[in-house]
Amino acid sequence: MEGPKLDVEVAGIRFLNPLILASGVADETGASMAEAVRMGAGGVVTKSLSLEPREGHPNPCVVEFPYGILNAMGLPNPGVRGYSDEVEEYLSTTRGSAPIIASVFGSSIEEYAMAAGAVKDLGVHAVEINGSCPNARGLGLQFGQDPLVIEDLVKEVKATVPIPVFFKLTPACSSIVDLAQAAQMGGADGLVAVNTMPAMKIDVRTRMPVLTNVTGGLSGPALRPVGVRCVYQIANSGKVHLPIIGAGGISTWEDALEYIMAGASAVQIGTAVTWGNLDVFSKIKEGMMTYMIEERIGRISDMVGSAKGVRS
Amino acid sequence: MEGPKLDVEVAGIRFLNPLILASGVADETGASMAEAVRMGAGGVVTKSLSLEPREGHPNPCVVEFPYGILNAMGLPNPGVRGYSDEVEEYLSTTRGSAPIIASVFGSSIEEYAMAAGAVKDLGVHAVEINGSCPNARGLGLQFGQDPLVIEDLVKEVKATVPIPVFFKLTPACSSIVDLAQAAQMGGADGLVAVNTMPAMKIDVRTRMPVLTNVTGGLSGPALRPVGVRCVYQIANSGKVHLPIIGAGGISTWEDALEYIMAGASAVQIGTAVTWGNLDVFSKIKEGMMTYMIEERIGRISDMVGSAKGVRS
Amino acid sequence: MRAPGEMEMVKVLKVIKESSSISTVLFSPVHIGRWSGLVPGQFLMVWIPGTDEVPMSVSFLKREPFRMGMTVQNIGEATQALCSLKQGDWIGIRGPYGYGFNLPSNVDKDLIIGVSGGVGAASTILAMEWARSEDFRTVNLVGARDRSLLVFRDRWRSISDEVRFSTDDGSFGHKGLVGDLLNMELLAMSDHERQRTMVFTCGPEIMMVQVKRLLDQFGVEGQFSLERFMKCGIGLCDSCSASGKRVCMDGPVFSGDAISLLRDFGRSHRDRSGRPLPLKECVR
Amino acid sequence: MRAPGEMEMVKVLKVIKESSSISTVLFSPVHIGRWSGLVPGQFLMVWIPGTDEVPMSVSFLKREPFRMGMTVQNIGEATQALCSLKQGDWIGIRGPYGYGFNLPSNVDKDLIIGVSGGVGAASTILAMEWARSEDFRTVNLVGARDRSLLVFRDRWRSISDEVRFSTDDGSFGHKGLVGDLLNMELLAMSDHERQRTMVFTCGPEIMMVQVKRLLDQFGVEGQFSLERFMKCGIGLCDSCSASGKRVCMDGPVFSGDAISLLRDFGRSHRDRSGRPLPLKECVR
């Protein structure tokens, strides 16, 4: 008998399994991303890339909680050009076994589009627009909280690249469905939900915000119930018909399935690699397989969006 | 030598200490609220009251996480009239030692104002407008996410009652400062930040949302870094000059001070009573006293808003 | 500080019909460490997917292989659904919540009397098994409306030095109230014996009111397991409020002294919206 | 699964000047349980409020009363601030992070050689103390640029069966590289002795390159403590990336076999934006 199938297709891209390394986590180099694939990831997202290199924020840029991580890396990256060797190394090491999505950002719609235009030449399989990073002034988040800007941003990027374009959403909004709809109007091929939640930590002894950037983004288990809600709301809005990649606090197979049942076609995993290391990928795959055998489910896609409320 | 002073004044109301029982938690009866005061609370907020009684949502209406609680009580309450005995019992038991704030809501601006008008006759010290409860359709949250509605809502309530009016903010927004400013424009005497964050939990075995209401609000430690950020942003916006009562995940004295240093004049405590019971009040007071002695701080007000970022 | 009681999904192992309207549901949770520390009298919140979530006592707990069970009287939608569960069905349990019975020291007491009314037996039986295993003498007085609601008869016999049954209609054992049995028991004891006795009771509140009166009269200590409407089960929503105490968190088991301070005891409950209701409207 | 390493604020107890540019900072954390499990070679992220947060090895760990310390070479803003700390100042520490040295079984090995370069001694000394306390024979080879950077001289003597020092300028001990000392040591050993030897090393990467070459040449096993630019310290940001491994999470201590697979070893680091830099640009 054949076992359950873990492969998924999202916006025309095939992944051997639905677990994708999230942007900004363990992905500074081609070798690191290849390592994640070796350890079981079905695909990877690069760190968010800009046209020019950025050093990011000075330390401290991370606060560890028992239930999550607060980070304000400040989008450090060697620039699209500086990163091209990394993509090359990734592609030559993984030999097509796991797609790579390039995350891009800029300080204007034009910059976003130019960054996207530059990455498409590196051979990546899709572009992910990071319109939701809370950690750099004038970048990211304020683009991603305004539906009109989102629509224009996606349009411009779509006009620049022939590959699928994902838009990554912030949970820091009044209505995630409005933002998702705007991305759809702009022509996005898929959505990623969610990025981190703006948050902060103050040390009471020194009476100082711990992060040099003062505020940062919360990820990890604390974010999960919020991310699941966002995915569910988009998938059940009746207004958005794009595939969704779920993200936020996934560290076990139950967590991954929760997102999938909420409506995600695939998921991204970031913070879990700090407590569980890259072993999380194989552990989650194993747990999903066992579950699917027990519940006699043949394919991941059979479960996508299967959670329906009694009242909804 | 005199010890440090814990008393605070917020919008003209004096509290013997800055720890207030949050709305909706352990406050169904006058006796319960008096019990919180006996255990150390400096004040209490009633559960959110509407003109007519409401049963709330059917069970399950709570999900317990290791790092927080997801609830969708659905604003059960006996109605302002039905609750009047409770306020009376509270007042006669506590004899003015700890102010009581009445939380109100409705399904229209008029209903909010009528509920506020009705509670003022019960002898409460202030009104808290719950414009941020994510748990009941057509109530609460959609009033509290639109700055224009907030302004009108506060204006109407202010026109109805002569006592101080607080507006309680949702963290589920693009800009908490915009919402706070709207409340200020409407004439609010103070702000409460924050209410719970919309979230959900799906059970993978039954493929069902656990809450009967499907979505609910996340509170407890997971919410704290978000709440602290909200208070800090309002206090440091340069645009809002109202006193702030902080809330969200406070369970230790460090947590309470974190909010105070972020800019809160007092704090509310809800979820912590599940893991720490009502002892949290005296434990937090004790911790704050020790800290203030160690750091030679005379009054709580000396610490309000004292956290300043290196960069801000 | 209590530990978080996250929901665990468990598969129903077996449903044992105790009588026409009472069944015991058995399951074996995986997080044994958490459940094996349960104190008899603590309760679970039990999720019946698609139906309701209700508080239930644990009536059965065995190690190796680890098994737990609850005994349910079918009185409405949720309890009907519980009694209709089949092997392999999933239910969710969270807990253990609240304070259970407090076993006194063998130095102070040597006799524990269990006074159980109706399905209240589901809570007392585990406590009385525990008392027996800790070398107390045990007397069990077990009442019910009629014979069909008088459950665990063999189990009671096996853990009691003395056991007496009563039914309101006389269809089994003494005809009358279980309180009458208690009265007889206490009457027959010396003052010294009464001082060395502790009573564990659970049942309809009106029955426990009678038990409280008798204990006060004879100067005997007791512990009472209360019921109130529970939404959260964890001290937040206050729907289980009784005179400023939350039954889910400060109880469900209260000492006699604590009960004396609860003005609501025997008088009033709260409805789903928090309005007080006179007790009789809540009694089944 | 590693346990979360939340930041703990600690008050500086004492700052001991080891030399003109090196100081040891002592403090006593409250969460002893967490810190006392630290394995020598693991590191902390140390927050100097208002200045920076930097990775630091633990050079000192004593029980009753519980004390920890780190030994810092002043080479820039953060280390200058650390060396200027006064008693009573607050710093934040989080950790312990990464993999430390792995003490072999006494059955396989009987000799541990510590090869320390400069302030790398801050990491090896705790490991070598540990080796000694677990009944290994210990030889310590300790090098530095000059006499002033050669710290812990008495401490090294007290925990070594044999100790040799070297300085680049000959101002103390052997004039030359600490690798030369290792070469001499290994030359003098039999094959059997070499097989029963394990080398622990920490110091400038260029020094460890020489150590690696010698170990390969003589067939001796070793463990290497690496440095890379660290932002998060917990495996997320990848700023410490070396050939696909995160030094903070997969290291900082690597076995010789693991080091052989790190093409970046001795070749390149990454700058703050993630661009590769040839090693020499990073060497102090």
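Per-chain residue numbering starts at 1, and chain names A, B, C and D are given in the order in which the chains are listed.
Criterion: a contact is a pair of C-beta atoms (placed from the backbone, for glycine too) under 8 Å apart; a residue touches a chain by one contact, two chains touch by 3 or more.
Just so it is clear, the structure is predicted and the values come from calculations on it, not from any experiment.
Q: To reach subunit B from subunit A by way of touching chains, what is the minimum number of steps?
A: 1
Q: By mean C-alpha position, what chain is farthest away from subunit A?
A: C
Q: Between subunit C and subunit D, what is the gap in Å from one C-alpha centre to the other?
A: Their C-alpha centroids are separated by 61 Å.
Q: Mind checking the centre-to-centre distance between subunit A and subunit C? Centres are C-alpha means, answer in whole Å.
A: Distance between chain centres: 50 Å.
Q: How many Å are there between the centre of subunit A and the centre of subunit D, using C-alpha atoms for each centre?
A: That pair's centroid distance is 36 Å.
Q: At least two partner chains per residue is the criterion; list those residues in subunit C.
A: 50, in rising order.
Q: Could you check subunit A for residues that touch two or more other chains and list them?
A: 63, 65-66, 208, 310
Q: Based on which chains touch which, is the overall arrangement a line, ring, star, complete graph, or other?
A: Drawn as a graph, the chains make an open path, so a line.
Q: Among the chains present, which pairs are found to touch?
A: A-B, A-D, B-C
Q: How about subunit D: which of its residues touch subunit A in the complex?
A: So the residues of subunit D in touch with subunit A come to 1-2, 4-7, 9, 45, 47, 49-50, 52-54, 90, 92, 94, 231-239, 241, 243-246, 249, 270-276.
Q: Which of the residues in subunit A come into contact with subunit B in the complex?
A: 63, 65-68, 70, 145-146, 172-175, 197-202, 204, 207-209, 212-215, 218, 221-223, 225-226, 228-229, 232-233, 254, 257-258, 261-262, 291, 303, 306-312
Q: Provide the residue numbers of subunit A that touch subunit D in the complex, in ascending order.
A: Against subunit D, the touching part of subunit A is residues 24-29, 31-32, 34-35, 47, 53-56, 58-66, 69, 71, 73, 76-79, 82-83, 85, 203, 205-206, 208, 210, 270-271, 273-277.
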